[in-house]
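Here you go, one structure.
Letters A, B and C mark the chains as written, and numbering starts fresh at 1 in each.
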Amino acid sequence: MNTRPAKPQETIFVTTPESIPERGTLSPPTAPGTGDQTAGYAAPSEAPNGLGVELQDLHAHYGQQHAVRGVSLTFASNKVTAIIGPSGCGKSTLLRCINRMHEEIAGATATGRVLLDGRDVYEQGLDVVSVRRAIGMVFQKPNPFPTMSIFDNVAAGLRLTGTKGVDLRERVERSLVGAGLWDEVKDRLGSAGAGLSGGQQQRLCIARTIAVEPDVILMDEPCSALDPIATLRIEELIDVLKARYTIVIVTHNMQQAGRVADSTAFMLSGELIEVGPTSQIFTKPDDDRTEQYVSGRFG
Amino acid sequence: MRGREVPVETRHQFREELLRIEEAALEGLDMVVHALELTTTALDGQDARHASLVIGGDDRIDDRYLEVHESILSLIAREAPVATDLRTVAAILHTIRHVERMGDQCVNICKLIPLAGNEPPVHTAILGRIDEMSQRLRLQILDAKRCFSERNLALADVVARSDAQINRLNREIFQIALEVGNDFDTREWAMHMMLVARCLERIGDNAVDICEQVAFVVTGKFREFSDASHPNIGRSSGDAPWRGV
Amino acid sequence: MSELVPISPRRRRTDLIMRGIFAAGTMLALVPLGFIIYYLLRRGLGAWSWHFFTSDPTGRFLGDPGGIKSAIIGTILIVVLATAIAVPLGIGVALYLVEYGKRGRLANIVRYFIDVMTGVPSIVFGLFIYIVLILSGGFGGFAAWKGSVALSLLMLPVVTRSSEVVLELVPNGLREAGLALGSPRWRLIGRVILPTALPGLVTGSLLAVARAAGETAPLLFTAFAVNATTFNIGQQMNSLPIQIFNDVRQAQDRIVDRAWGGALTLVVMILLATLVARLISRRSHSA
């Protein structure tokens, strides 16, 4: 069934990886001031392994309220797609339908298909846990677990899903490096996760998310609660992460969409109005309503 | 808005500021028309006084250029315009540069006038065409201004057609000047008139360029109305190689 | 332009009067408490002695009435057993209400009944256990563990209510984070929610313990009383509230004094439990 290039670890549903073979050595963090933009990040040592996601006629309801109306949209693998739109347009709801978090809300329903590399995540009988391991999520407000240390926080995803046979120390280190946080916390992995600054906490949450090695990372306004410098660091991180993951980011900050996204989708009142390459959306959008929104004529 | 409810206007200050900058840039065209009128008078009477007025008045056009340029940079830095606003901003920058070039061409013409001698021969074939070029140009520039402020692409076609005539007149003047005679003074004068015609033709090109900018703002595509490699008017030369997307 | 003016004498006077009223009200409310503490200390401290804490009541009217050792041990045993029953049950119900039932019909019904239970007089619990576990004949006679069951019924709604409040205070973002990582809900509860809520849960439970330790009525019909110290929860067992209840009705002054000493002991024990609860919650807030 798999026609993708060989990947050491299959993240197709319901199977649990037995062990993680060596993915290549971690590159040592470069000294500060060398000007190397990827300082502290592990260079991907293999082919990109994000998967594409396709939404087909997705509808979502909160009881009677029709929040997402028939959205069909493709998220290209190893690319960043931004979803923009005014408050209440359904973009966060749409995001939560992708990793089936939407159904955790009482009275919430969703119909349609969400295909991860061709397989519908809403298929009958599928273990929702396996869906969420393949599709991770980072939230607006950083939410590290307060009773756990930094190490435990990053390992939490593995422990909470009962994953066995993984070298925790190695995985935690690799994840913290991948999130650009390793240098800052390597000497205090045992200290409380809640003792970091807002930007660091969010990067910790990102490390926690990538520790379970998902294929897709969903981000729901990840920088809204952060100051501008922390925001830029995370945007830089997104640019590095897309080499290994497919990223979908919901943002109300259009400049951010402009900076990080390869494609941008515009939603209004639950509908997908337009999607296209980011630079086209921001220089010559096709739809009048998109033009109105990005020019700030309403929102 | 096609039947949808009218959205509440936001970014008032931004839109007003953009409009003011656009008007300031277009006013430059009025200044160019005025300079052109003075230039025409100077040409008719070989009048050094009018010529020096034009040369001195070019400072106003240059100042206007700097002012618009600075305002645009400030607007971009502060307001991050996108979509149509972004294209408008780019068009204004191009336009004010064309305005400045047009002003410079008028100055070039006026600098040629005292060189033409105090007792110039009256060669109606050439002088008549120069006059016709000036009259056409005046209308052409005003049409270009209206084209921009109204975003009226029909006027762009009018300007392109008029410019074809300007080019024709320029070629004719060139031909006549070649055969103007053996008298040194006359030949010298004819040479200068040829240069004048070329300056006028350049002014015409700048006006057409402004209309191309308007087409870009409206359609998002850049289309050369006419250039050296494609002398036919009104026909699209195809997309310029650097058109985006 | 608005003007900045000094406070007017009338405003100042009104302010002082209101402060005075509130202070007087507070004092008024504290007066009975002050009296209780005063009397307890005055009548109870005199009864305290080494003998008081280390010997059992002798049951004799003349001569040495003995101490209250069996009562203290009995109270501790009975209350610990009651806690062991009520706290896990109470937290369990609270977990159901917060994590699973939420606003559903069954959850609302459960909440309603828990609220009703908080209002039930403690003697009714005692009678209930008496009828079900003693009179019915199948379980034997008076026994300490039956007293514990009665007390646990009393504690259950208190533990449930306070635990529910604490669990709802756990930020929803933590649940979302755990679920998004692919955690099943029960693991999330065990590894994230309970540890986060732990200080609050402990505080709530300790307060329920403090309440139950002083209840007399449920024990009257269930554990009854004996004088001797016993660790057998299948038999009757002494407890402080019962001991005080019996002693205070006697004619002998020494025995009545023992009642006061017992009351003071009980109050001190409850005070200690409350202090521990506060210490725990303060430490968790500063962490």
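Throughout what follows, contacts are C-beta pairs under 8 Å (C-beta built on N, C-alpha and C of every residue); 3 or more make two chains touch, one makes a residue touch a chain.
This structure is a prediction, so every number in the text was calculated from the model and none was measured.
Taking the mean of each chain's C-alpha atoms, the chain whose centre lies closest to the overall C-alpha mean is A. Each chain's centre was taken as the mean of its CA atoms, and the one lying most distant from chain B is C. Centroids built from CA atoms put chain C at 92 Å from chain B. A straight line joining the Cα centres of chain A and chain C is 48 Å long. Here the spacing of chain A and chain B, counted between their Cα centres, is 52 Å. For chain A in complex with chain C, the touching residues are 99, 101, 104, 106, 128-133, 136-137, 139, 141, 143-147, 156-157, 159-162, 192, 205, 208-209, 212. Across the complex, chain A is touched by residues 102-104, 171, 173-174, 176-184, 187-188, 191-192, 195-196, 198, 287 of chain C.
Interface residues of chain B facing chain A in the complex, by the touch rule stated above, are 1-2, 4, 7-11, 14, 80-87, 220, 244-245. Interface residues of chain A, counted against chain B in their complex, comprise 254-255, 258, 277, 279-280, 282-285, 288-289, 291-292, 294-299.
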